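Input: one structure, supplied below.
Chains: A, B and C, in written order; residue numbering restarts at 1 for each.
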Amino acid sequence: MGTVSLLTHSFLDGYNRDYGRIFGGGLERYIADLCEVIRELGEQPEVHQLSYFEPFETQWNGISVFGYPYDFNDVPEAFAKMAERASGRLIYASCIWHPIRYREGSLGICHGINWDSSLYPLKVKAGVAGAIQNALDQLSGIVSVDSHFQTYCRSACRFERPNQITVIPNSVDTAAFVPKPITDRGPRPLRVLYPRRLSIERGIVPMMRVTDLLLDRYSENIEIEFAGELVRGSSIGDSFEVWLDAHPGRKSISHRTYDFETIREAYGNADIAVIPTVFSEGTSYACLEAMSCGLPIVATNVGGLNDLIIDGHNGLLVPPATNAIYQAIESLIGDEALRERLGNNARRTALAFDKQLWKARWKRVLADYLG
Amino acid sequence: MSCVVFPHVSWSQFPYRKIMLDLRARQPIFYVTDTLPEWELLPNIVKPVTAEAVALECRRPALAIVTHPYWIEKAASLHPERLLALIPDNTFEEYSELWKSRLAHCVLIADLFGSESESLYLEQAFKKEAVLLLRDADHLPSEGQRESMQGSSAEFEVLLRQAVSKLLTDNVSPVWATALQQHTLVQHYSEIRKAVGPHETASFLLAVYEYLLKLPDAASHLLESFLHAQQSGREDCIRTHYRFLSAIHAQNDELREAIDAYGVTALSADDRLRYERICEYAENGRADLAAAWLLRENDDLVGALARLHGAYDSEATDLKYRWLVESSRWEEALALSGAAGISGKAEKRGHPGIRDERLLNGYARKLRGDRHEAIRFFLEAAELDQDAIGLIARIKSEDAAIARLRRNMLETGESEGLTVVNGDDG
Amino acid sequence: MLTEMMGSRSATDLKAGSESSEAAVARATIRRVRRRSGNKLTAMLQVRNERGKYLTQVLEQLSGFVDELVIVDDASEDDTVALCRKFPKVARLVELPRPLFGEEWKLRSLLWQVASTTEPDWLLSVDADELYEDRAISAMRPLIDQDQYDWVSFRFHDFWNGLTHYRDDEHWNIHRRQTMTLVRYLPGFPCLYPQWDHHVPRLPLAYAALPGRLTDFRVKHLGWAGDWESKLAKYHRYKALDPEGKWGSLAQYESILDLNPKLTEWTEAT
């Protein structure tokens, strides 16, 4: 049995020094799933990750995990250290926007473009282009979770093999995330769900603004749920708490944190899901889960969301602007038939992203890579 | 009609009890506190109320009084008909950044601002017309002999009571009381000057009060204060003392002398640039802009804005707008930008104009205690500029400051033997 | 944070606001209080009975590097005035009918007032027995053609018993300190002198509040370079003016008569 080492900036919860659990984000979940695929291929996965605090070495689910403290300003150096120690074939599972010195011929993963904020300086974007070119020059292949990154590489970089980038969109367990039967829903206000971490890039600001507008219009006849983690003490965390506390309509607003399992409840109780990403989006797990649960989606046309939603077919796709998001939600509120049609199509679309398909795609890539 | 007091201490330590009780027409008096004193300590007309319950107990009170700057937004949120800010010395967390910014709000929205500290009082006297010094003139320059004037210690209280009374019953602005008191202060410092001779502090303060009252001897008193300061070895007396001469000359429409006086003191790189600009304004026939800048350089905001009154060209309005924003006069800045279309001139890319306008609206709402409205504007600004989120986050630290103030009041109240009750009624 | 965005508002077209007569006056070019070039240097002197002393030499030297001379004659009884008139750079020459020598502050104040009327840029206060070293003279123009400081000081040396040595001891060490004699004239700036009868400072006290420049350039004070008789005469004059040592040091007055003062040879700087 050979070893496959995944190098990443995050896996176990290094932010809170809780090395017994993986951090509740998409990247970490992805790595856990990928480890499962590697094991199914008869290989032994290892994870090497960066640590905010002390170095550590532990086991999680039978996987050895190594934590490395690092200098925030020198991520490439940190990855080089991890690569030295890691055994077997390497998969660089994050930080592709950094100028990492890759072990030649390794595999890389891009979880989505995170430098597509319209406000980022050109100098930053140019730097990233250089880093991506660097990755293409040194890695044998890159798995991308969306077409967005693939298109970016084709337009900003130079590489010889057209299949050097393989798109494997993220997945959803369509058996676990299922639509809630209509009979289960009692009479209650319409619920709009924001099933994301509360962060700037994921659109918390437009969502708060949309909430203000919705409550202006519908007051007690609507509920808005924010279902995601909040970083306490951060600027956005404090702002959200202040906004909620001061809101005259606070009875109609709720905030709850769910885990991978219980998030299904949130989808089950919702009528509309909103994915108002402003920038930095690969293939959103939240979007896929909501689609799999048969919810009509209002999503912004950012990053990999464009791979999932076709406007008017399985959701409404709008620019990342408050008024556009609000109007889309409004059109769904007033039209139950539209909600049902979009929701049904969303569910069908989700089937094409089922986890088994994702695993099969990865197995093909890994089979090639591991020879 | 009711009155609400947002204090910094318990009732038994409250320095303005007498004045409150004399406002007999304004019953009941709600006293915001987490402590419930023994009944014999609280007069009948004074009712304790927690900060959480006050909005329910008295909507739109006739009068709100704030004696700690941290309370200003809470007080404003009740939309009182009249608001007084009476700030004693040595209040909790005095002169912290938040304290200072809240104090600026007090000055902006209060119908009357009072301070026990003469230096704080003077600072505000240049920004606001209705100000009172909450003490009688009983202090002297440090080198002089200390002389307390205990006999007249009620003078300012009498004045304050009369000013508040006229304000509530006849809608008369308290500026008359300001002028009256300043005349008394002129007399006071004249007497000190007679006793100790020309003095860097006494003569300076005399000059300042004469300036505020537009009395003629301000220049000569200012010069003698400068000379005394210089002879006493005060470094930087050119800036701390002499510079004010430029304001005096500007006030007297002696523009050339004002510019020269300022020019002498323009030693730093920034000052030199400003001096050059002032000269150019004068040379280009813009005496109004030159004089306004000179007054502004001497922190006379009221005077500076008055000079620009009636000037509607873009240069003057841009300047007025900038100064209004710098001094947190958000509402006036908004009114001006709306009238002059200032925000519309901003470059399309990045929309600084729209963002500015959202921020101004947010600040203006916050000033009046309309927190939710303010946050809505800040959110709109945050869509254009992520940093604006910090303005919302900051509110949390402001609330934390009020919580500390309340704890401090509890602790000092406990040391007085007052009974503590659960203050979380809200 | 809003105010950070305010910095780069640019001035747009200047439209004239309503203009008062006062504004019209200001419309003329404003003479800047500090200028980096074209500064006029005016030397100011108070003279009294200078025949046979150093005045001619001093005026000749000054004429070589200043632009104008302003002189107040304190009721000389000899031909000092005629001597002054020989120099074409003398812009003002005031002849006092009665001497103010015993009230030195009045003399200094008057000299300053008279000098002010010539619209000077820089004033150099010179006594009739002072000569600047060549280095100082060469540096004069750069010293005044700048806008960073408003006064300049020099090291004065009391020459003793001739023109080769200066006195350097406990009571005679002015060369170890700085003496402010060159100053930028600032219109409107307080120009009061302390009301002393003797040893009044050269320049109005308030000017010391301004930034200045210390230099090691030297000035020769020749007042004590003469013979024993002249020293004795001065000694008596000081003792008469200031018997109690109100304005100066009694011990210093006595030391005028020292028979073996400590002297240091003067070497010209290259």
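In this section, a residue touches a chain if its C-beta (ideal position, glycine included) is under 8 Å from a C-beta of that chain, and two chains touch if they have at least 3 such contacts.
Since we're looking at a predicted model, the values are computed, not measured.
Colleague: By Cα centroids, which chain is closest to the centre of the whole protein?
Modeller: Taking the mean of all protein C-alpha atoms as reference, the closest chain is B.
Colleague: More contacting C-beta pairs: B-C or A-B?
Modeller: B-C
Colleague: How many angstrom lie between the CA centroids of subunit A and subunit C, rounded to a whole number?
Modeller: One centre to the other, that is 80 Å.
Colleague: Please tell me the distance, in whole Å, between the geometric centres of subunit A and subunit B computed from their C-alpha atoms.
Modeller: Spacing between the chain centres: roughly 50 Å.
Colleague: Using the average of all C-alpha atoms in each chain as its centre, how far is it in Å between subunit B and subunit C?
Modeller: Roughly 48 Å separates the two chain centres.
Colleague: Quick check: what residues of subunit A touch more than one other chain, meaning two or more?
Modeller: Touching at least two other chains: none.
Colleague: What parts of subunit B, by residue number, touch at least two of the other chains?
Modeller: Touching at least two other chains: 390.
Colleague: Which of the residues in subunit B end up touching subunit C in this complex?
Modeller: Those in contact with subunit C are residues 223, 226-227, 230-231, 237-238, 242, 253, 255-257, 259-261, 263-264, 266-267, 272, 276, 279, 282-290, 310-311, 313-316, 318, 322, 325-326, 352, 356, 359-360, 363, 387-388, 390-391.
Colleague: Where on subunit B is subunit A touching in the complex?
Modeller: Result: residues 371-372, 375-376, 379-380, 382-383, 386, 389-390, 392-393, 395-396, 399 of subunit B touch subunit A.
Colleague: Write out the stretch or stretches of subunit A touching subunit B in their complex.
Modeller: 119, 200, 205-206, 208-209, 212, 235-239, 241-243, 246-248, 322
Colleague: Under the touch definition given earlier, write down the residues of subunit C that touch subunit B in their complex.
Modeller: My answer: residues 1-3, 5-6, 9, 11-20, 22-30, 32-34, 147, 186-190, 192, 205-206, 208-211.
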